[in-house]
Amino acid sequence: MKQESINALLRGVADGSVSVEEAEEKLKTLPFEDIGFANIDTHRSLRTGYPEVVFCEGKKPEQVAEIMARLAAKNDNVFGTRASRADYELVGEVLPEAVYFDDARIIAVIRDPVPKVRGTIAVVTAGTADIPAAEEAAITCETLGNTVDRIYDVGVAGIHRLFANLDRIRAANVVIVAAGMEGALASVVGGLVDKPVIALPTSVGYGANFGGVSALLAMLNSCANGVGTVNIDNGFGAGYLASTINRMASGE
Amino acid sequence: MKQESINALLRGVADGSVSVEEAEEKLKTLPFEDIGFANIDTHRSLRTGYPEVVFCEGKKPEQVAEIMARLAAKNDNVFGTRASRADYELVGEVLPEAVYFDDARIIAVIRDPVPKVRGTIAVVTAGTADIPAAEEAAITCETLGNTVDRIYDVGVAGIHRLFANLDRIRAANVVIVAAGMEGALASVVGGLVDKPVIALPTSVGYGANFGGVSALLAMLNSCANGVGTVNIDNGFGAGYLASTINRMASGE
Amino acid sequence: MKQESINALLRGVADGSVSVEEAEEKLKTLPFEDIGFANIDTHRSLRTGYPEVVFCEGKKPEQVAEIMARLAAKNDNVFGTRASRADYELVGEVLPEAVYFDDARIIAVIRDPVPKVRGTIAVVTAGTADIPAAEEAAITCETLGNTVDRIYDVGVAGIHRLFANLDRIRAANVVIVAAGMEGALASVVGGLVDKPVIALPTSVGYGANFGGVSALLAMLNSCANGVGTVNIDNGFGAGYLASTINRMASGE
Amino acid sequence: MKQESINALLRGVADGSVSVEEAEEKLKTLPFEDIGFANIDTHRSLRTGYPEVVFCEGKKPEQVAEIMARLAAKNDNVFGTRASRADYELVGEVLPEAVYFDDARIIAVIRDPVPKVRGTIAVVTAGTADIPAAEEAAITCETLGNTVDRIYDVGVAGIHRLFANLDRIRAANVVIVAAGMEGALASVVGGLVDKPVIALPTSVGYGANFGGVSALLAMLNSCANGVGTVNIDNGFGAGYLASTINRMASGE
Amino acid sequence: MKQESINALLRGVADGSVSVEEAEEKLKTLPFEDIGFANIDTHRSLRTGYPEVVFCEGKKPEQVAEIMARLAAKNDNVFGTRASRADYELVGEVLPEAVYFDDARIIAVIRDPVPKVRGTIAVVTAGTADIPAAEEAAITCETLGNTVDRIYDVGVAGIHRLFANLDRIRAANVVIVAAGMEGALASVVGGLVDKPVIALPTSVGYGANFGGVSALLAMLNSCANGVGTVNIDNGFGAGYLASTINRMASGE
Amino acid sequence: MKQESINALLRGVADGSVSVEEAEEKLKTLPFEDIGFANIDTHRSLRTGYPEVVFCEGKKPEQVAEIMARLAAKNDNVFGTRASRADYELVGEVLPEAVYFDDARIIAVIRDPVPKVRGTIAVVTAGTADIPAAEEAAITCETLGNTVDRIYDVGVAGIHRLFANLDRIRAANVVIVAAGMEGALASVVGGLVDKPVIALPTSVGYGANFGGVSALLAMLNSCANGVGTVNIDNGFGAGYLASTINRMASGE
Amino acid sequence: MKQESINALLRGVADGSVSVEEAEEKLKTLPFEDIGFANIDTHRSLRTGYPEVVFCEGKKPEQVAEIMARLAAKNDNVFGTRASRADYELVGEVLPEAVYFDDARIIAVIRDPVPKVRGTIAVVTAGTADIPAAEEAAITCETLGNTVDRIYDVGVAGIHRLFANLDRIRAANVVIVAAGMEGALASVVGGLVDKPVIALPTSVGYGANFGGVSALLAMLNSCANGVGTVNIDNGFGAGYLASTINRMASGE
Amino acid sequence: MKQESINALLRGVADGSVSVEEAEEKLKTLPFEDIGFANIDTHRSLRTGYPEVVFCEGKKPEQVAEIMARLAAKNDNVFGTRASRADYELVGEVLPEAVYFDDARIIAVIRDPVPKVRGTIAVVTAGTADIPAAEEAAITCETLGNTVDRIYDVGVAGIHRLFANLDRIRAANVVIVAAGMEGALASVVGGLVDKPVIALPTSVGYGANFGGVSALLAMLNSCANGVGTVNIDNGFGAGYLASTINRMASGE
């Protein structure tokens, strides 16, 4: 029962064509989503231009193309994460406006860009091998309307590079720190800045890094305050959370 | 070499009593912190009233009392987390203005309260057993100048209680979700609100919860976007991060 | 807004004292649980006599007593699991009708017993050390209206004892198998009976049993079909699930 | 010694051609299964039409085909789980009546269908990626005579979709909930329905999901009652257990 | 139905007082253990003097005393492992012939000693801290009729001590090697002797030894051949297995 | 310094051409292996016909062929475990007498067979998927001179098949039990036989079996006595240990 | 601001063209690395000839070639670890002086060799399968100017081979011990030598070795003193640490 | 056969009273340790003054006192690690010269101090809670003759404190870095110094630090080169290894 229906029902009550008891009964047994429960619906649909997101890994290119085409029929903006170039090639055939970000492994169809937010998000990496996860975060941030300042390869083994960039990092509203191996960079940055830090552990490393667990544990156990952690290699999640914060920090 | 000394050195150069080469040499070999490197110093000292924090667990009451007294001699505000009532009793002898928060297990000495921030932080728990971790977060938030809205015992096994409180949760700038066992509440809340969600896994549960690992993994793997996770039972960390975000979101 | 209120609102529409638009608006912004959403409420409240449950472990006896007293003021039946005798002694002071089951570590206040179900639930243990978890399951089953057949200490190291009791096990509608160490009994029973088997791993053992993980993994990996597993030592959960199945199997 | 033989032996005793001592000796040293120990035999052979099951993963197509052909020579119904299309193609050559279920990865040879049971089993998934495990469960249920109601992609990140389908879920005798990542859906459903819930963790996810461990732990630690868990991705096991329960619930 | 009953039944058939059909029916529905199924019974009862064993850890002294008294009423020999001195004191009151082995934490009631076996079992430890587990093994071996040669504190950090005792180790039929920490001794011994080696990991160590897991993994991964491993600290299991082998090796 | 050299040295002392002090010094500083230290040498070289063993997994076929050829130049018997057919093909070119065992994945070059031992080793598997590990054990046993009785596919899900073969299992001197998944068979067999049982966990299974860990833990935690465990899928290790025991049990 | 600039600034102060206040302000706000902060810079640039290092695993050959070419434009010496032959072939096209070490999987471009250090580093392996990790360490040591003594395949299963080489091992300043499986060799060597031992766990093994965790834990838990451990298969790290020690031990 | 005996034997050969063959035979069959195999003996006995070490944790004070007294009867210097004050009090009764180090939990009996080494060892901690492990290392170093420079509480959350002490750290021959939680300090220090760094993970932290595993993994995965790791809280091991290096670096 859509809002129109509720309106019609109430009109029926008002004009006497529907009894109060009958109306009461109908209201109580309505299927859930039909009571005009827009406030239960997820918030995403409330914000213009936020893309629908497809996790492409583990799907075949044809499947990715089909899903993205279906979503693009109803949404202005569609986003594919963990997408291969092969995925992109098939998607491009059906959605020529699709763009592919190599490092980020993201396919983006953006017809109605999200309005720009004022503040900046810094995306920092320990090494060059952390760049794919960082780019997934950065492209996500940019697509959601944020300005991103990329500061890559400033890990603690050569900490002077980090300090040389401290002013840029401190100028941001939110800092995403992507690091694998021992994940120490998140704690060092967390100790140096006064803004929310989102720790993004990456699976970079070998031996006893256990696919990113060493960095994940280090970040969860950070001795610095103000650090929140996302899942291993979850650049999209880090970017989304950073966007949510930056939007608020920018007063929007 | 303090700033005065640099000034003196430069004055020596200006009046010819110090040669350029001599001055150059001294500047290059200065101990690090003396070059006026205020910008390397941690941000905490820059913000009036932020308390120094002591982690009390594993320390004897006498040690806690001694450390807090020493810090209180130099700082207006001091904070002891994971403190027992026995800790508090000894602290109270040397710092009579100390206050103890039972559920939060926090001892607070606040002589110069942090100025109030406008926005609200919602602290939500799945069960009553999650309240200690949640209170540690809530008292931290309040001490750092935030207004907290506590919404306790609204776990997914009786999800109607959560929905009944959705408006309050949505009214906050940041939401902290404390949950043990399967930690599902973080994902459910993350799917319903449009604000940053800080997931606070608790060690509540038994059997294969492994001291909170079940909730931690669930939160890291949340299918909802915009969720950042802190360490198990780390209420202080969750509260600190939420404060950082709320302060920015409130335009301060 | 309770059902009476909806009725009143509709009557207002009917008699013209409330406009259709006004009524529509009110309905859309109602707090969730007030729209007569009884069907969202958990099922537990729908079934007469099902007790409210308190997990007592980790709470002080005074807390247990206070919580159970408060629940008993509103509910006929209240149930405390993982309760110590010390818990019981304090509970008994405020709720003299409380009964304590030693092995099961359960405190039960049953003023309006759940009606009896026809079928039987077999509770089987590998060793005598598994009896506490098994009794927690058995007392739960009995309190929820089921007849329980206890078959204890029939582990696979002396498998003839199991076979000697096979007819009793096969006569049940549901079989709960509690076992620690290598947990092999669940698979053996699962291969011998044609009914749902609920595997209840216990923390019994030492060395590389890791607090019940060895039994848990064995049960999850059971080569027998028709086996569902609950958490380590979760006798209450096993008993509750068995009751749900037995009630249906008994046509109730 | 078959039952006929026992009969013959006893007749020999009766007519004096076999001495009592001789008969006693023979009875005591009989090979196990020959004493008419049908009641030791597994229950599966007692139920007409229950298929023999082959786990195909890790076997070569030729091996799968050979095993299924051999079983089909003695059984009306044969079932291959975790089968690839390549497996099916070879099986189809020797057993033309074989049917392949793509999503479920099941090859079924059903010559004598299991009689229909009255009640319904709901199979619910959190996301589309959980469908293969869910389909393995669903096809298993259907093959074992049950009616299945599929309710897919109703995960907690968009919980209104779950509520919109609550009536269908509540109408079932048993509910299978397939979810990966944080596995929260099992707890949410468990809190909303009054029937046995079988939690089926899937390996869907990445990073710290550890091949399904995050969902498995969440399900084992569910705060909702009445939930039994099967192994990760074990759709067949979930379906088999659900069938066993539904058969009983339907009074068969 | 005991053997006498089978005899009686057959006599009834022989003399015509029981019909063939009646006898056949009775035989088929006999409770399992009554058909003279001595061959299903565990082997332990077949060997004179093998003690019944009680695992005392986690039981209260009164419980230990009660259980051991009950077993001693039916068995000549009873054995309590992981027993405290407090356990022994209560046991001694009801069973004055009980003996306590301090290091082994074993209470033994031996009224009818197991006959001596010819060969020797060597029990070797890496350090002195491994002696409790080793003694549990050694006393078990001795109680089961074996001669034990104890060679303690010959770990690899001072490997010359091991070599000095190599002849004694090589003279044994079976070698039990108890070691904690890195468990290297099992591999070294396994490379030097030509007899079965039973590796007994102990929980000795700290830090990343994880309660004996480091030694357990080392022993399972031994590069030496002919090594079988038992559970962490399971001295009784090691001793029992060694006894089984030595008895056979000694031609008994 | 070889034995000849010692002899020469001593002769020098005898004829006065070498002083006592000089000889003493030389003896003390001899390289280790040259003092005729046959008793330090591993036992393997002492037993005629025991093959040298190559672990082929992870080596390229050319490497396998080269290593086996080199060993075969000095040893009568050479053994390659975890060998692929491709390995065998190259080995066969250089060692035409090499034999390949498909299931066991073993290449054997046996020119001087190990003399036969009297007793029998039973190799038992839970399922057909455990056969590769079991065959690796069985072929190892046979190559080392033992008679093997294979009893395959008698897992606990259909336990009557195990009982039907109990006499054969009990007739063996040693029993190897290969099982994956929940590994319950080892405990069941251990409870039924009076001989050493070697538990061989296999990596068969999926989901939470963690590559054989579920079976490994179950076997280490076996409630049956007299069970020793080897590494996951280590059929060679199980076979070697069983051979060592059987040789002794057979009085050789 | 480079050192020249500081000099220029001071000259300006000296000649009055820059005021003291202006100079002070500039010094305080200098970008970090420009204050002549050579002492913050990493030590590597201070030592002539130390190569820049590229971790090649997980990069495509083209990427490896491009990175190494770029580094070689600025550095005399460049080092690629975990490099495949395919990587080398592309690198060789752009850097014809590149050399490839097969076992070590290292590409080295050395135009200005590191000066030779006097002392020796012993690199010891348990088996031949540990050689790749050991060679990575050995080539690293040699490239950094050390003499390496390789002592391979002296594992504890045939410990006489180790003793035969003890003098060579003891002659080294540092000993690297590479071992997989149970990693026992590190403890045995640690007990026999009086020099720093660097334990290098390798991923060699199968079953419950968990990719090298068994060896890693064994090494961390070594009962021998003076042992430091590096990550699994981290030959480069072991070689680098050994070089640092040997350089100091050699008085350089 | 002691050296005297070899001498006697050779004299017998020289004077003809022993034949060459007889002497050869005796030499070959000597018990191992009697051939003057001082070079097999551990190195510790070769260095004057190195103390014997007792691990006191888990032993009763009486046991500690007895063991230390026994060792002190034969050794000048004895060392007890992980000793409680209660241990010390009993030890002090029998060994009045014993000294107790509170933070380090070490009892030391030093009658003949190890000669001083020239270089310095820096012991650095991240927080004050890491001091016990650091002191165990520091006291070990000092007892073994080294000068220690303690630089405590310079963790990465306030990294300026570390930089302020960089010169002291760089002046040392070896650096021990003790850190719990995320263990980041080891990587930061490793990137800043040109000397061997020994990473000492501590069990400081809570939640997902798993008793020090988070710090241990971080240290093993350090992106800085030249870092060797010891077991969690193994201050003695770190100190011993540092001493071995410093002794060599100091040319002794």
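We just call them A, B, C, D, E, F, G and H in the order they show up, numbering each chain from 1.
In the analysis below, a residue touches a chain if its C-beta (ideal position, glycine included) is under 8 Å from a C-beta of that chain, and two chains touch if they have at least 3 such contacts.
Since this is a predicted model, take the numbers as computed values, not measurements.
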Repeated interface matching C-F, over half of the contact pairs identical, chosen among D-F, B-D or B-G: B-D
Type of chain B:chain D copy interface by residue overlap (half), same or different: same
Gap in Å, rounded to a whole number, between the CA centres of chain G and chain A: 39
Distance from the mean Cα position of chain E to that of chain B, given in whole angstrom: 55
Averaged-CA centre spacing for the pair chain E and chain A, given as whole angstrom: 59
Residue numbers of chain D (touch at least two other chains): 32, 40, 42, 157-159, 163, 166-167, 191-192, 207-209, 213, 216, 220-221, 225, 231-232
Which chain pairs touch, all of them: A-B, A-C, A-D, A-G, A-H, B-C, B-D, B-G, B-H, C-D, C-E, C-F, D-E, D-F, E-F, E-G, E-H, F-G, F-H, G-H
Chain B to chain C touching residues, read off their complex: 129, 157-160, 163-164, 166-167, 206-209
For the chain A and chain D complex, residues of the former touching the latter: 31-33, 37, 40-42, 55, 57-58, 82, 201, 203, 211-213, 216, 231-234
Footprint of chain G on chain H - complex, ascending: 39-40, 42-44, 46-47, 53, 163, 166-167, 173, 191-196, 198, 216, 220-221, 225-231, 236-237, 240-241, 244-245, 248-249, 251
Contacting residues of chain B [partner chain G, same complex]: 3, 6-7, 10-11, 13-14, 16, 20, 23-24, 27-28, 32, 35-36, 38
Parts of chain D lying in touch with chain B, wherever the complex brings them together: 126-127, 155-159, 181-184, 186-188, 190-192, 205, 207-210, 213-215, 217-225
